[in-house]
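Questions regarding the structure given below will be posed in turn.
Labels run A, B, C and D following the written order; every chain starts at residue 1.
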């Protein structure tokens, strides 16, 4: 069969990552077009493929009949506009997380997607990491009985730029990073978050407070069926990129994640030493590829993707609730967030 | 020098453990007397040493001039009475945790100990585990910078008896098990718990609710200097005895604990398998010995023990605050607990 | 700059692997042509790229001016003929290991390569695995002092086909698998193997004896500067693909390798379980890519590759010595193998 | 029942270790007497127990009717004389390994033990380590099918004194350390060593050559039923005490041993670091206790110990064969060693 034409809108850091994954990996797809308002952002990638079409205006890419699916990697605050336009153009849509910083915008995107009847996948790439995917399979197979307690930890080794940290841009620590954890909570527990309570602090980077952000958040979670959870998001893991998840079931438990990047142990009088996963590409590179392959496969076979606009909305709602708890210092019911 | 005479009051399960540790291990001490209202409880241990004195009434043991220090391992609700009597008798006191189920009782014990000027050590044995002790040393040496976030997890593989689970007897899950974690939080952070929020559930043993207890608690913690913490206590770790602690500092982190009991990895087509620490004796046997050796050493050298009545009171106050949060579903300031 | 044209000769299992790596990964190279005497072997890969040239006769590929470098992945017994022709055609040559089954053939290839002055790299891909590469760096940086003892273990989870196991085809267990280990010994010790003594057995697959092969070999090694080594090669690791190396130096040691494939630990009453690396693609996929990228980079920059025809010959000589020891039951000096 | 009276002969470093284990641990035994030609060697231990009898002449200890079993920890070259005297005195005998440095002496001891019909246990303490004991159980339970390949590694962090290293005193590296590995090979494979080939070197401590010893030995092993093995003994593991064993069976494998002593992982920008087992007391303390408890238990119940004089002789014979191979540079058949 002819391979599926993919267009990438937005060639910032993550846009280039996605474009490369489409070009190099996804076997049934080909990268036919890219769009970025800054022509120079498209130059490098265009150089590598003579057949690649470049559009300064993404509406032109959406009008290209060779494009069946679009990967939206523009700044978060523009997702709404681009996704609605793509839906109206009848394109299948892959949208990087978070879909938006407000439920209202997300609801508009959801409405456009549903009325257009196009496929929509959100970039919750951890679901495609071979470890998380394996854990999900084991939970579904009953390996640990019913999952009742979950702990999801996401620690970054670096502070983001103050511009990006600004909640008006990124949504702040919890929306920006924690949304992955809230998606994992819902997915691995097959349950919804009922209420949350958040404690936050700026323990290493006080300057984050000046832009309205923090460097650590500890979120206590209760699920609607009574299960318990905890989410920790941090920008202060000086030692490396530390992503862990622990699911405790009625008959056993799962521990997901690893710290060692290079399988070499160095033994000296000072003890045994190994390195630590440096950052997200080293940990989740395979997951970025796999989620795009899943997008292409669903597009090809007319299947529903595993992370839909419904999942995007639900995770966002829980993350917003945790952010309200952060700012108002109170227990927040997720259902009360409209 | 002549070795120090130790008396053990209360020969239940833990009492026998302590008596054995004193008899077999502590190099400068000798077990000279035991006391239990049930003579049969003393029979087995008396058989093994002809010189051991046995007292049905612990007041007689307290009157014995050969006894310099007493190890109080009676049921928690009797600690107050025994400790006050021991203080008045001028004996150095080692008291199993928790000192009491109420701050009021503990304050009376603290007052008696201070007015008598006797040495007092509480049974926070984890401080004497070689892993926790090593972690404390590393924190003090600045190996991870300033500790800012801490996560302490204590999971038991079994449900306690419903009689014991009764909060009137054991204080409930948080006072009974979590008090160890609250002590570790204070000790490793060198800070006090400012406020807590607790979520609880009975996820595997609904029958615990009938006696007023739960099988899981997830406690969010803020420290007075702004640090964050989380305590998880559970009776539902079917896979084994899982005690972990994670301390994140401004320059690094510590992971304390282990799961594998026997260092044998079995490799088959089904994968790699190893066993898990079954229960507390296998994990902390050495710590029970070490804390009694510390007690004897402090008694011999006139030093302050590392876990005093002050530590006992502070950990209890935080654990009570978490228990109030459990029952009232609200954020509780520790200082408000009188 | 224009990317470098690569041709792949031989599209068996490994040939397809290499062709895919060239096509998908090596950034400065493009796959311009493939050759295989069986047209059907070229069909699938040709389908994926309209521009790819296919040659039933490899001499036509060697005559193609768009081809600057060739990857030779034909059956081992044909390497000599193809490599000599490629050298005479002035192409840079990447040749899969082993170069040949006899020193005589290898010497002819070495002579052709040297008289033509073309670049030659042998497929010792483990040197490009990020773990082995990191270990080499650490050894060179003096992290363990001088390396003095080395142990290299290679265990396969499956028996090869009896056709392939036939020493006339594969060279037998030691030449086929152990040659990787002998290359690592020379590379990590920066020394040559002086003598070897081999014990072998057919412990699980007695049928291997009928074709003249074995399923396990244990080889004791002495180096010319006095260091000691041991090589174990096995086809009977039912549990998975187990590749390890241990280098002991005068000031420390390195342990290279890992067993767990998916970073998920499953904890139940039966203990803790994780999976095992299933086979070589999962363990060394990255290394196959990296060695081709190294080949392209050396070709582009006119550098000597890290694994040359000299290395190919030396590792083969030591592996042949170990094979003679296997058959003659005696200690064999490597230098005596002509 | 009355506890069993134990006498310890020889209070060097290991003698004091055994005496302490008997005094503190073995529940059915009591340490009634010690003997050492140097009274000062007995002073410290006598101080701690008023009832302990001390004999400068071990014959007097053997004549003591309160002594039912003796622990012989005198210098190896005196084992023969003491064991024969103990056998003639009708005492049960625990003898530290190796029983002797020659088969001839061992045969005389075996004859004396058998004619006297007394119980004899040799100090192969690794059989009592909970990891090795668990591995043996798993092998017997068929967890890995039939064991076919074994690798036993023993690495010491320190050089012994040149006095002790002298083969006339300790038997040299292989007899002194490797005898443990040869016992494990026989025990875990349930087979006998047929032939050996040894390579040795003095890679870190050239001075060992002056006294006739080496610091590393690599021994290739074949078993009578065709299985393969390898033994590595070393005095140059600067990083710590590294004792490992790997048993490969027809259906799986076992990896025995561990490196980390304190379960704390320290994570910094430099990577993750943990300590290493420093020396044998930390690794095998429990095994020393367990083997004495086994001795007492067998004595009490009239059972055969698990490591008899037969095992002592067989392991010694294999170790001597490996030592001959070391000196004569040839393959040695164990059965030829008389």
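Definition applied: a contact is a pair of C-beta atoms (placed from the backbone, for glycine too) under 8 Å apart; a residue touches a chain by one contact, two chains touch by 3 or more.
Computed from a predicted structure; not experimentally measured.
K.L.:
Select, from C-D and B-C, the pair of chains that is joined by more C-beta pairs in contact.
P.N.:
C-D
K.L.:
Please identify the chain with the largest separation between its CA centroid and the CA centroid of subunit C.
P.N.:
Between subunit C and every other chain, the largest centroid distance is to B.
K.L.:
Which integer distance in Å separates the CA centroid of subunit C from that of subunit D?
P.N.:
Averaging C-alpha atoms per chain gives centres 42 Å apart.
K.L.:
With centres defined as the mean C-alpha position, give me the subunit B-subunit C separation in Å.
P.N.:
Centre-to-centre distance between subunit B and subunit C: 57 Å.
K.L.:
Which residues of subunit C are in contact with two or more other chains?
P.N.:
238-239, 242, 251-253, 267-269, in rising order.
K.L.:
Okay, in this complex, where on subunit D does subunit A touch?
P.N.:
Touch residues, subunit D against subunit A: 238-240, 242, 259-260, 267-276.
K.L.:
Which of the residues in subunit C come into contact with subunit D in the complex?
P.N.:
It is residues 145, 148-149, 151, 155, 197, 199-201, 203-204, 216, 218-222, 226-230, 232, 234, 236-239, 242, 248, 250-253, 329-331 of subunit C that touch subunit D.
K.L.:
In their shared complex, at which residues does subunit C touch subunit A?
P.N.:
24-25, 130-131, 134-135, 138, 143-144, 251-258, 262-269
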